[in-house]
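Chain lettering (A, B, C, D, E and F) follows the sequence in which the chains are written, and residue indices restart at 1 in each chain.
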């Protein structure tokens, strides 16, 4: 009995239940890498990429674990496989695009161990998505993540040139903007339902 | 023989145009008829609500700015607009304590935190309303019927609810044209919409007066006409085309234009220049984006009305619009690339 | 250089005495380097599960457990693990303890487990834990790492509780599930919504910022009398 | 059984991944001198550019590559420089402490304004509008661009709208030197205590109308200075700091106090012949 | 520290050592997990079963025991009640005498905010829904989450008609949600004011699920009884 | 619609419409001005290298005699504005607020003040090089305000060519009527000047651009147009800054001068009418420039009008003669949009001074206006004739992000016309920000060790 169309899975992951603004996944990069638009965008792309990879990896492992009947290894295998895959990607980037590596700084290792990535793997398993659905889910989540990050970056770049009161400078301001963005995304509720 | 020490300053030594406080004052003037009609439609509760909304915004602005030693914080009139518009977007018999809370949030969170006038990235009035809508979703989606006979003699019980308590409703509630449309597939007559004979937020009921206010401001060059035109045009166009393709599902263009907060939002709130793009083309694109969002939320989304969310979303993308849509600078571009 | 790098020479079970080193490791997590309020790390669970005090508490304790255990294990194995596979092995260790915590919580109360949703497994990727393993435990002795983990964990837990308190009190009118007000209390639904999480945390940060600013203003920097030239 | 499955599964996974990582490690590793990070950590992270490099990291790179000496970083403490030097096994590159000094004594108590400037309150802006309105074209405008430029809180405007540099706090980063549109600030070793407190290139007593502490180019300081320490150039005395002698002789006969002795305790000391410096009817409000 | 002590790291760490460390730690971890799993498994299974049973008994008033049946597309077969990984499972509730009270069915669908997961009791005799329980929802507290607690809303599911038409392939009347206070037919659900959307979602979920299961159950009712 | 557009005089996009205030002086014929007791002659009245004195203190000079020679190509000589004696060579006050090298000249009272004549240069017989040399020797610089040595502009660089010469008679600045009067009274000189300029540049045609608020000037010039000269008059829309060369070229020819480029990049040379008239008047006699037409106006002046004023006349003397009110509070050299406020009345007028405007305190049109933060109203964007984004530039400047201003927002293209500041409802001193920003960047570039 199928209730969720692919289109809906996509909308849900990207807008209605945006990973960052509704599920609170990947807040650290959301706060950390959203200062500059260009970095945010590249980070977003990296996240989409990693999400797709880990979604597929997680799908495979899940099948494997079902096969060997060891569901209790789910978490540890997900994280290990995802982490190593991403570490490979990281080494790759470091080798072939030092500038990208520099821009993302300490956050590349953090993508490895980012809530959004693992959360994606766990959610898709919980929701029992098949391969295609998982793929669409990962794509939606990644795009939603990028959207949140990029919107935030635009606003923060604008706020770099604002007379922010001393008390609100820093993370507090970013959180407040995040809160308002999250309020804004509530408008998408029920879409496609 | 020349007595005075000269004053020196930088050119230009003459200035023209209107000043910021003048513009803001005129927006207040344009809003007054809308507010007056709201009081006429909903009676005492609307009056109390507008007063509370204004008071909360003005007081917050005053004290916060005093606190960080900014001088004469109210003299630019901008917060008066915020207060009025914020009040006009609320349902008429919302408990006054909620109104007050939202007003404080609007100014403190929507404006002050960003550095005050000119620096806010979201529309403060809408930040306040979005907060209230998320905090007290039931109260803010309960509507009151217009033109109740005892509206000038009786203050609804819910209006005077004590702080932190749930409102108790003692008067006829009414459904808004949009929720009638969404949940009952019943469209309201355009004439009634135009003249404000429907229930809804305090200030959204008379599309006509709002339009007149907007025309006044546009005539005085105090408002960017492109935003409302693009926004209303987009909504009208999409809804007309879709209505034509399937009238059973999709409401008609005029109904869409004149129902809900669209008019107030398009004319007075999307046009808040502080949080919208600055270039002419950017403003048009911004209007179109908001228009599309409004349509999507209204017709395909879960909520009956999406103007507020659409404008906030527009605010969030406007830095990007400004980034990407820039006029071609004189003497640049392909034909002038220096060889 | 005069001062020895801290902990470098501390032996495996060398308990430094008298210099207050380990108390300092503990204290710093509470305030000076509080993972949530100062370093702003591990935000996902912080914001996601704090819509009630009990969830905040459970999450805090689970994290505390994982943090302490992984710190201990990482620091004991720090000389065995080559640099290249550092991260991978740390994650293995952390994931193990998280799985353990996950099953233990399930065994204790399904309701709490349900409320915390996916966030128990997500402790694995809580930036704080890997961060401490990498930044502290991999360079310090077991005792110091234990204290560090404990301090950070307690700091994390009480920060979560701070958030849980206001979000639950305002958002549901209760604390630890116990109703605080009369029935007619109007809940501030926003506080249990995602945006409320952002606002609540921002609120605390603003408060602490304000306090810091005030402190600064109250006692201006004491310098030698300025020689003006 | 369960244990075997678990060991098999996880063991297998780790084996595969370990192999992958090892291969990747071989193929993809990027070598960067780790000392750069360490040295960067030892620097003050002020990114002020006093060292002549665009920021602390490039300076750290230069240090590690031996292109620079730690002493170039004037912001760091002595100990900090020493640490870096011993870490890298190089000389500190001894450098005497420098401070920024202001060559103008014309506060609003002694110097006149010819016009009142209105507009952006910055020296740079004012200097573009007919020089800023100060009667003396060389004088300090007192709007504090240098104060804003100093990241170390070392400059403050005094009651007469003249910047004062705190010898303790100044790190000789040179930001204020760049910021001043009138080029009134320059960096000098702290040990130099004789100081020409004026940049007015005009000569003669008329200029006292503009500013009571201006240098009238009377040349007395040059005559009194031992060993030709001071020479007159373009109506201003010039002290030869390359063979500096610590003496207060030259300030004794200065009629205006344009040459001063910088006493570590008392600050600027002018000679006994210098007239009292409060001009009648001096304005004390801001020179807008 | 001098120049010599810190040098760019060479690849002198043996690959074998890396290998050893990783696999070794992997094995330790696997052991730790297995031990925990085995110790906690009984308790967890018991907890889960209890929770499920509680829900089943709630939607099937009068039921005392239950049986699990798996639908493989052709027929029902009884399934192991402790196995939670199976799909397309429904539960029959039996009273003290072993007679079937009704069938509990899980269903899910999109609500206002996120998917809503419900369990409802279906009485094949009366061809009606006789109980309703929300297993999981993320609806807005205070609004949408009234579908869990609102007494008047629960009242809808005491006897909500889900009768098949003559063909036996689909419901005679779709289950429908109507605006609060306008319920007039037995197959209508009276919505909650202020949460019309969530209420409609519940109606949709039930309708969808009943449309699917009711014909199957009708055709295979014997398989469910005989076991 | 389209018809309307076609009918309108050509112009450029954006720009502003400040009030004109030209009524007071536009009908006042140009009159001569007495010599001041002391003339102050800065050696750098032009853009480029200051000239080098060739006279000594105490020397007697004749009117029109060269006082200082040009120092290189981008420089012009200085001529004596009056017969008299050199009092001193030293530092003189200047409009920039600096003391600059200059000459004090004391005119002989009661001298006949005959002007020294030099070697005449005939259009017909001279080569372009000779004309360009003659223009340099005459000390002519742009009288439109920029004071850029005209001969440099006329020397077409290798590989470029000019097809059109535009004579700038737009005079878009409020208050000023100098060029207006010159066009009314000196048409023959202008025509003569055009002949020289056409020859010097090799351009095929010349067009005089005049704003439509000076119909009499256009009429007068049309009447004087000789049949043999490819010269025409083009009336353009009244709009500020129509007189800026880029805007005038766009209005008349529809060409856009490339960013960072010069008019010659679109085969055009622009010269001001007064400059043209001066060339036409001086060259046939081989004279040097010693006086220029200046509008003296503003609410603080009693005897408003247009005057021939000897270069070097101190401002104080001019104001006294023109009957300025005693309590004047602001004095500008140039018009109110682009002109410079002077801090001292002891500075002299120079070749670049086109007008003197004086205000009393109560009439100042920009008193202590309250500055608000930018409200993104877009008025400045709609005003900027170069399609820049002054709002963003202003915000960046406020936060001192000069590099972004230049790299992303074309700061260096801004020609400081002030349109943005004029319309800004928040009264943000945008142009002032831009001037500082440009200065800082230029200084930085100058100081940068390489590139």
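Note that contacts are C-beta pairs under 8 Å (C-beta built on N, C-alpha and C of every residue); 3 or more make two chains touch, one makes a residue touch a chain.
Quick caveat, the model's predicted, so the values are computed rather than measured.
The minimum number of touch steps linking chain E to chain F comes to 2. Contacts with chain A and chain B are shared by C, D, E, F. Distance between Cα centroids is largest for the pairing of chain D with E.
Distance from the centre of chain F peaks at E, each centre being the average of the chain's Cα atoms.
In terms of their C-alpha centroids, the spacing between chain D and chain F amounts to 40 Å.
Note on chain placement: the centre of chain B and the centre of chain F lie 49 Å apart, centres being C-alpha means.
Note: centroid distance chain B to chain D, computed from Cα atoms, is 51 Å. Rounded to a whole number, the gap between the C-alpha centres of chain C and chain D is 42 angstrom. Shared interface positions of chain F, i.e. residues touching 2 or more other chains, are given as 340-344, 373, 429, 432, 435.
Residue positions of chain D with contacts to 2 or more other chains are 2, 6, 9-10, 13-14, 17-18, 21-22, 25, 29, 86-87, 114-115, 118-120, 125, 128-130, 133. Across the assembly, chain E contributes 1, 9, 18, 22, 25-26, 29-30, 33-34, 37, 112, 140, 142-143, 197 as residues in contact with two or more other chains.
In terms of which chains touch, the assembly is arranged in some other way, matching none of the line, ring, star or all-to-all patterns. Contact annotation for chain pairs lists A-B, A-C, A-D, A-E, A-F, B-C, B-D, B-E, B-F, C-D, C-E, D-E, D-F, with touch applied as defined.
Note for the complex: chain E touches chain C at residues 1, 9, 13, 17-18, 21-22, 25-26, 28-29, 32-33, 36-37, 40-41, 43-44, 47-48, 51, 136, 140-143. By the touch rule above, chain B contacts chain F in their complex via residues 1-4, 6-23, 75-76, 78, 115-119, 224, 273-276, 278-280, 283, 322, 326-332, 335-338. Contacts from chain E toward chain A in the complex involve residues 26, 29-30, 33-34, 37, 85, 87-88, 107-115, 197, 201, 205, 208-209, 212.
Across the complex, chain B is touched by residues 113-120, 125, 128-130, 133 of chain D. The touching residues of chain F, when paired with chain B in their complex, are 16, 18-19, 174, 246, 250, 256-261, 265, 316, 319-320, 324, 326-332, 334, 336-345, 357, 359, 361, 364-366, 369-370, 372-379, 381-382, 385-389, 391-392, 410, 413, 416, 418, 421-427, 429, 431-432, 435.
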